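So, here come the structures, one by one.
The two complexes that follow have chain A in common; it is paired with chain B in the first and with chain C in the second.
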Partner chain A sequence: MANENLRNGILEIRVDENSPLFDKTGMLHKEFPSDFRQIRYFTLLVVQSAPPDIKEINLLEQQISEIIKNAVKHGNKCNPEKKVRVWYSFSPEHAHLVVEDEGEGFRDLEKWNEFNRKRQACLEKADFETLADYVSFRTARSDDNDGGNALFAALEYWDGGFVFNQKRNAVAMLKRFPKRRMGLAADES
Partner chain B sequence: MELKIRKSGENYIIDVNGEMDLYNSYRLKELVMKMLEKKVERFIINLENVDYIDSSGIGALIYICSTIKKLNLKLVITNIHGSVKKVIELTKLMGYFPITQSIEEALERMEA
Partner chain C sequence: MVQAGFVAAASGPLLVKLFLALILLAVFLSLRGRETEGVMSGYAILAGFLVLRDLLYAVLPGEAVYQASDLVFFGLLCSVHARALGSRLGLWLPLAFSLVAAFLLSLKAALGLAPGLPAEVLVVIALVPIFFAFALAGRSRQSADSPGPLLLVRGRYYHLGGALFYLALGALLGRSSFAFQAFVVPLFYALGLVFAFRFVDELHEELVGAVAYYEESIDNLYDLLLASGSAVKAEFSIQEVLDRMAAAMAEKVGADGAAILLADEFDEAVAVRAVSGRFAPPWRLPESLPRSEERVADYVRHARFRLGEGLLGEVAQGGKQLYIPDAAADPRIARNGEEDWLRLSSLIAAPLVVRDRVIGAVALAKSSGEAFGERDFDRAKLLANFGSIAIANSFSFLEAAERGDIDREAAIAEGIQKTILPRKFPEISGIALGASTSPARGVCSDYYDAIQTRPERVLLAAGDVAGKGVAAGIVMAMIRAMLHLVTNSAKDTATLLAWINRGLCGKVETDQFATLALISVDTRSGEAEFANAAHQPLLIYRRDADAIETVDIKSIPIGVERGTTYAAKRLRLRAGDALVLYSDGIVEAMNEQGRQFGRKNLGNAILRYKDLPARDMAEAIRGEVLEFAGRSRQHDDQTVFVMKVKL
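For the complex of A and B:
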């Protein structure tokens, strides 16, 4: 199936309240306080239910940690009174998550897409000099510890879709993994 | 994360050990900034013993790389592997960072 985030050959973050990715039927659920110090611990609590095959030398953990960090830091502004809710479902062939915070929503989504279009244009031309201006997405609220690059990787990684709800305080994502036989991915054999 | 500095000729090799994540990546940035104050001009960042990096770690490398490029000094990042390599690939920065496979290759590039 084609990546639904692809628009004119470029990956974009979409807003689609009605995306099937928001269907939480049968998914496990956890909620956490917005404690910045515990982001990686919360992530491990979620990832521990994933089959070893799809953990891919901690790449799955890393990608989920970025989304939980965004919810804790940018969504809930690290306010411990505010919760981050995570719904998740894993199998050897997929990882599906919905992460919701209590913040005002991702206001800069369109700016981010525009920034990413310019970044992709530099990459296509292998123009690494201009790319230097598009390696890190910053807003007035960014601080020195914000890498500004987490969502570039997220859009690539979550190849089954990466979609925000209308309020933009919840994001649903899907990663597909190739079918494995005898410990080898089918397309590797 | 542990940071150790060693010297090879005029080159300063920073060996990073452990995880470069949202809690500690700023320390590598601070170390490089201090070394720049002390007029160090050639940096090799060795990631051989780094098995985990997140967007803060990538952000630290971007900051270091762009600062050193602006100053017209030399930097090579070496020995990236496993999920560190995958995260840099996902971010499509393999062509942006000056990367070599080994310390030896990094030292050769410094002399080029």
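For the complex of A and C:
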């Protein structure tokens, strides 16, 4: 199954308020203060409800941690008065999350897409000199730890979709775990 | 007259004929059960007919009786043969013919017309349909594959020869002559015995053939299963099973190389999972691929086809076998080069099917030498069938082993939690304690405890370790140990929390977090002190106001930062009040409509069950959560811990 974030072969962050991924029906819910120190703790609380059948649980944990970190750091600017809300649901076949912060929204979303497109173009043309300019994604608000690469990994990982709402302060994502089901029904033609 | 005739006949060849015919009848009847085509049954009927015929002849001796009965006999014989060989026309036509002829003959005899010449003509005419039936036997040669029909086909010239011999002598000597009756007829009957022995022989041969085939098949399967089975050891690997199976199949079918492909439903593709020997690919290799043996082998090992794409993709999708003895003459086979290791001379491919599901395919290739024969193809199909089962079993085994691991770990975690949680609370005057807890499968991270430090002082603790399973259990054990160690000090609850936090921070490689609420209660004065590390807010039922009071202290869990300090709140408890500690699994329990139970419902439940004894109250509150959740899955531990101040 193809990655839902691919547009013309390039990973892209989408904005779609009406994406079905924002449907929170039946999802568990938790709220956290924007405390940078507790990000791992919050992540554990969320991942805890993932069934033990999910393999590579550490990768899932890492990806969720990145998303919560984004919300705490870039969204709520680590303001402990602001909350991060997480809706989540897991099964052996999927991980579905909606993470919402109280910030002003991801304003550099288009810039990131543009950055990624250009980087991809360099890679395709094997233009490694220009590529050097696209090693990391930086904006006026970036600090030394930011490079936009976590977003790239997120688009790769959340293959069922990675979508922002209109305000861009909430992101919904879906990871599909292929169920190991052997074989296919014989074609009786 | 009748009696005299019978005596005369009995003193002649009658007894010999009757004996022989009866023996034939007995032999064919006993062989009847050995085959399903009805040849032996038919011959038994024929033998029975001969018995009756000779009895009749004893009573009514005369040329005509024998002539007419011979006609009917050969008509019946034709029918038996035609039936066994599946000819509908041969079934009735000769019989009808001979019956009519026999009838006419009998009529003539009864009317007293000259019996001689016309009868012989009729006998000859009767031979025509017999020829017809026998020719049919030859035509059906291809379809005869069981002993009865096979014998009819193989022995058709002997049959015909025997019949002609008998009929010719009958015409020559006269059927009622002593020579014919005493020698020819018994000899003819004896031929029936020869036929019966040949049938037994044929049965035996078939049995030997079948035994040899099954022996070989069993040997092959045994080797195959042994090969795949010995891969099932402590360190179980599907890859090893596939590798061994590919090797065993190549060896058994005499292929130079074998490849096993497994289907991936999710990707709608089949991928090569194991290669044994030198497998020359039947599909076109990309131009850019260097034609070195190593690179091609590596490429083949990682080849992948969309379902229905390419030869092997088609085999996997269609579930059909492929037998190409001469690859050079088949346009479907790509020619990738003239090198020995690229040349494909013969190919067999068979799907791996388990209960109507194609799980993959096996392909066997020959590069040189003799092409695959039909027998190789049969063997490959048989091995593919059993190989599929072995592969499917391996996957089931792996799944079961993994499930077993998960269940075992869940059971261990539950065991740890059970050991850590107090089995019963200390009897302390002035208060009553009660708890109700239910672990979620594989989670087991809720903790509660009551430690009596002095006759009038008790420390209540409630916590929830982040994470789950055995890992959470170990953290819980650490927290419990530290808690029991520090409670005897005179320090306040906030300090105890800070100590435990410091104990947990940086002690283990990985991060460990837990919420922990501590309440120290002086049971005589009703003075209490509450300190909290991010656990759920404390709910107090106040008897005076008959209302719920919520006490919360903002804080972070233990295990986050080594230097964290915690705040404590003083409480005053009065007779009839109840403290309720609970885990997030209670307030976040979700019902089928996706709504959380929440603190408000919890408060209402406390009010509803406030008059119950502590233990029953805790049970009742958790029961309410259970009812609320309905059939939705419990995703987290649920714990309610109650302390009631006695009136």
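Quick note on the criterion: the second predicted complex is superposed on the first by the 167 of 189 C-alpha atoms of A that agree within 3 Å, B and C clash if a C-alpha of one lies under 4 Å from a C-alpha of the other, contacts with A are read in each partner's own complex, and residues count from 1 in each chain.
Criterion: contacts are C-beta pairs under 8 Å (C-beta built on N, C-alpha and C of every residue); 3 or more make two chains touch, one makes a residue touch a chain.
Values in this document were obtained by computation on a predicted structure and should not be read as measured data.
Asks: Should A:Glu12 be classified as contacting the first partner (chain B), the second (chain C), both, or neither?
Replies: neither
Asks: For A:Thr25, using the defined touch cut-off, is the partner it touches chain B, chain C, both, or neither? Pick first, second, both or neither.
Replies: A:Thr25 contacts chain C only, not chain B.
Asks: Considering only the touch criterion stated at the top, classify A:Gln48 as touching first (chain B), second (chain C), both, or neither.
Replies: So A:Gln48 only meets chain C here.
Asks: Is A:Asp101 in contact with chain B, with chain C, with both, or with neither (first, second, both, neither)?
Replies: Touch partners of A:Asp101: none, neither chain B nor chain C.
Asks: Regarding the shared-chain residue A:Asn149, is it in contact with chain B (first), chain C (second), both, or neither?
Replies: Only chain B; A:Asn149 stays clear of chain C.
Asks: Report for A:Asp159: first if it touches chain B alone, second if chain C alone, otherwise both or neither.
Replies: Neither partner.
Asks: Figure out whether A:Arg40 sits in contact with chain B (first) or chain C (second), or with both, or with neither.
Replies: A:Arg40 sits against chain B and chain C alike.
Asks: If you lay the two complexes on top of each other, which residues of chain A touch chain B in one and chain C in the other?
Replies: In chain A, positions 37, 40 sit in both the chain B and chain C interfaces.
Asks: Okay, in this complex, where on chain C does chain A touch?
Replies: 262-268, 307, 316-319, 351-354, 356-360, 392, 395, 399, 406, 409-410, 442-443, 445, 466-469, 511, 513, 556-557, 559-561, 584, 588, 590, 594, 596, 635-636
Asks: Hey, which residues of chain B end up touching chain A in the complex?
Replies: That would be residues 21-23, 25-26, 29, 51-60, 62, 66, 69, 82-83, 86-87, 90-93, 95-96 of chain B.
Asks: Using the touch definition from the top, list the residues of chain A that touch chain B in their complex.
Replies: By the definition above, chain A touches chain B via 37, 39-40, 56-59, 62, 65-66, 69, 123, 126, 128, 131-132, 135-136, 144-150, 152-153, 156-157.
Asks: Once bound in the complex, which stretches of chain A touch chain C?
Replies: Checking each residue of chain A against chain C gives 1, 24-30, 35, 37-38, 40-41, 44-45, 48-49, 51-53, 178-189.
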